[in-house]
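Note that the chains are named A, B, C and D in the order they appear, and that numbering of residues resets to 1 at the start of each chain.
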Amino acid sequence: SHKIAIIAGPCQMQSRQHALETAQQLKEIADRLDIGLIYKTSYDKANRTSAIAQRGIGMEKSLEIFQEIRETTGLPTLTDVHESAHCDIIKDVIDVIQIPAFLCRQTDLLIAAANTGRAINVKKGQFLAPWDMKNVIAKINGAGNPNAMACERGTSFGYNTLVSDMRGLPIMAQIGCPVIFDATHSVQQPGGQGTSSGGQREFVQVLARAAVAVGVSGVFIETHEDPDNAPSDGPNMVPLSQFEILVAELLEFDAIAKSKLRALEHVLA
Amino acid sequence: SHKIAIIAGPCQMQSRQHALETAQQLKEIADRLDIGLIYKTSYDKANRTSAIAQRGIGMEKSLEIFQEIRETTGLPTLTDVHESAHCDIIKDVIDVIQIPAFLCRQTDLLIAAANTGRAINVKKGQFLAPWDMKNVIAKINGAGNPNAMACERGTSFGYNTLVSDMRGLPIMAQIGCPVIFDATHSVQQPGGQGTSSGGQREFVQVLARAAVAVGVSGVFIETHEDPDNAPSDGPNMVPLSQFEILVAELLEFDAIAKSKLRALEHVLA
Amino acid sequence: SHKIAIIAGPCQMQSRQHALETAQQLKEIADRLDIGLIYKTSYDKANRTSAIAQRGIGMEKSLEIFQEIRETTGLPTLTDVHESAHCDIIKDVIDVIQIPAFLCRQTDLLIAAANTGRAINVKKGQFLAPWDMKNVIAKINGAGNPNAMACERGTSFGYNTLVSDMRGLPIMAQIGCPVIFDATHSVQQPGGQGTSSGGQREFVQVLARAAVAVGVSGVFIETHEDPDNAPSDGPNMVPLSQFEILVAELLEFDAIAKSKLRALEHVLA
Amino acid sequence: SHKIAIIAGPCQMQSRQHALETAQQLKEIADRLDIGLIYKTSYDKANRTSAIAQRGIGMEKSLEIFQEIRETTGLPTLTDVHESAHCDIIKDVIDVIQIPAFLCRQTDLLIAAANTGRAINVKKGQFLAPWDMKNVIAKINGAGNPNAMACERGTSFGYNTLVSDMRGLPIMAQIGCPVIFDATHSVQQPGGQGTSSGGQREFVQVLARAAVAVGVSGVFIETHEDPDNAPSDGPNMVPLSQFEILVAELLEFDAIAKSKLRALEHVLA
């Protein structure tokens, strides 16, 4: 019955200054809205559509920036890993390790992440049914880490399109872990622009409203002060100037959802 | 900015007594909740999975029962037609003529329905993209009838499964007609039980919440005092005993959705 | 173990002269290839994307043309019906009555068609699983007509796209009826051009080869001397000039498929 | 215009003896059929549905077995890698490095594989459109390795189901690389048995026939002397006793496909 938490930040860590400024702004919004906010950014985009796309500033440089974000803003941090060996390296500056959707079935990566003792946010693969996330979560729990979250980010629906099946949210909640709705990547159009992925920013609000009304523990929303000039995921990031209004609206829906008999338990009882 | 209207009733007209009793109960619920409610029932189920399934009490007998429902409860009525020639026969006792999803591309049926001057609720075919409903609505409007509604009831997603794409709601709203969300048939599992369709009643609440939070003009929910013994659509009808609680909850989400800048205009602006 | 039959002709009956000329050319090709060919054309396109699209020359005019085609070429005829009442009217000039995919669940239409005693070719709905065609075929057989065929024409795959699941062919063959592969509508892009459906003619050969190698009783291929200027289905019709080469190639694959233990029985044994 | 090559072997390397015996049998079949055959087996199943499933005998032990297979049978070898660092370790005993479908977008892995100089077989992700494989192949070619192959293994189609879109084969051939059809994993039912993936062995023949008739450079078929007791992919492996008959049949279809104007160039010309 807690308020939704928000996972937010720019898709890529572009520079120390950009990361710190964005984190500071998000911290202020979180304070005004009285919500928990986890700062998300990627130090490396290892699965870009094209090999020549920008991949981020790299792991080493990013480590001290993550630490600085934690110290100056007090925000917990989240980033995604693509190689098992990276888990140990980043664990001291990261509060939540995220497993990318394409990698949600890679046992070694899941266990390496679990072994850090950090919370783990696993994106559900675009190819995976919601009920099959129980095996994924079991790999993490089985390694002795009880803090796994399941994150919906869209399911393959024909070519170059994803669809968000809202039934998946209560189904994943039945696994017994918090469920996050990723409103940013759910509106992605994978590969839809030839050498990069497209997106439909205008549907972030639509899908986030729907998910919050159904009932979730958190919402993932990437944001950037100038999405159209961001190095990745521009088409589906929300402008930072609209972020607070969007989240405030979601909190109103969340208050109703949470005031009922716990939705996720109720609907499948 | 009006409250959602509710289209509700038992899938099939089983008998005069059953129809009148259910209508009376729904009328009382509508009064308590202060909402507009349209009484829906089918006089003929012309597209059952199996030829030996019960099809309803037939058109002729049903005509006077529809009229009696209107007179005794004051509720407007809705039913679905499968043959062009039926439109004229039923028009005097029916306020909203519904076009079944499989038939949403049958030009003659659309125009025959339009020519009655009644409001028309067209179910979007399971095979149709939301943006392609503009051609369907244009067939009705082009016949001189401005009162068409577009109704989402799920899209084919693999075999024997439907998925509800919440993005379709604002896309159809852009056509300029009211958008209805059919929470009953969206949880259908077409053909999923061999010689009849299955359903997942437990997700009616989930999908209806999501749709109302996104923003719709109405919600379609079939209900029955004993769904497990109903002659059709039992697996996806809501028990009449839970109907009022469900709708009351939806009204809370609706109040927020409607208090914002009109959602459907906003998100695609 | 018979050779595949071919169902072919222009999508619409455009004029008496056009129909007769095309039929004559197809008759000559059928003779050269020593195959059974059924002449297909529609007298009315009742489910066009847009209400202003051309619908054909109408039922009455077409009746005597169908008869003339039968008399002058000896080819059997096939056409599709959209209203139950039409079945009786056309039955004397039509050898195979075709049920459109959108209408494959309309019990009254199936039974009216069955009652004519003609062979019935039912297109599998884009929303239907192959195993669910058994209920459709049972409606026809149950009305006393043993001559039903099941026709694959693509399954909904995301929006505006169909996919041909080759597993569906042997699954439908298990029902015990001949299976036809419609290579023309399987490459349709429904609604994909705004107010009309698109198509990918270049894949007719690809999908027809695949289906014939799997093993089918017949292939449905619409053809026209100038597809790009045809009134409907232009994007997915094969130019008449390439038709014979295409069918000749299919016959080579068919000979191998049929020389093996009957494929359709074997694979699911 | 060459005959199809066959990639075959048991899903997992179970033991030295089992690997050598199977390789020897496949070598004899390849000699009898006069085809090129590449021996495929996995030393580690890193993405099993469940964490407790058997993963194989490990990389180190397997290295010398791969070498022994090459020496005793003369067959080239193929295995899949899940971590960039493994590419260099295995490259001396492996002729074709395979990139798993889930990992086809992992740039570092693709480049590490490319840098070995070995041929690379990339499985198309279940979430990827065929035209988007051009970016994947470009990552390998861009790293200086021209020997990349694109492998179709099914596309997500609803939950727990894959569909094989035969149009994808010529689309991928247009990239300019050989196209392989994986008939084994295309009939997988991902996650379909709760804690393991199901499969439909009976459709291997169906889909392989279809793909070969369309036109491909090779076919991938896992085989095992006792699939029902194999440690992984049992439900979709072909019994070794039926393997030769199956491939012989495919060669007949291939001869026709290759005797025509090259299919893959022709159909999209």
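As a working rule, contacts are C-beta pairs under 8 Å (C-beta built on N, C-alpha and C of every residue); 3 or more make two chains touch, one makes a residue touch a chain.
Nothing here was measured: the structure is a model prediction, and the numbers come from that model.
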| item | value |
| --- | --- |
| Same-interface partner of A-B, chosen from the options C-D, A-D or A-C, over half of the pairs matching | C-D |
| Copies chain D and chain B - interface residue numbers shared by over half, same or different | same |
| Comparison of C-D and B-C by number of C-beta pairs in contact, larger one | B-C |
| Distance between the centres, which are taken as Cα means, of chain C and chain B, whole angstrom | 33 |
| Mean-CA-position distance for chain D and chain B (Å) | 48 |
| Centre-to-centre distance between chain D and chain C (centres being mean Cα positions), rounded to whole Å | 36 |
| Per-residue multi-chain contacts in chain A, two or more chains | 155, 157, 159 |
| Contact graph of the chains (line, ring, star, complete, other) | complete |
| Residue numbers on chain B that touch chain A, as the complex places them | 155, 157, 163-167, 169-170, 187, 200, 202-203, 205-207, 209-214, 249, 252-253, 256-257, 260, 263, 266-269 |
| Chain C contact footprint on chain B (complex, rising order) | 46-52, 55, 82-84, 102-103, 105-108, 110-111, 125-132, 135, 138-139, 142-143, 155-156, 159-160, 190-191, 195 |
| Contact footprint of chain A on chain C as seen in their complex | 157-159, 161 |
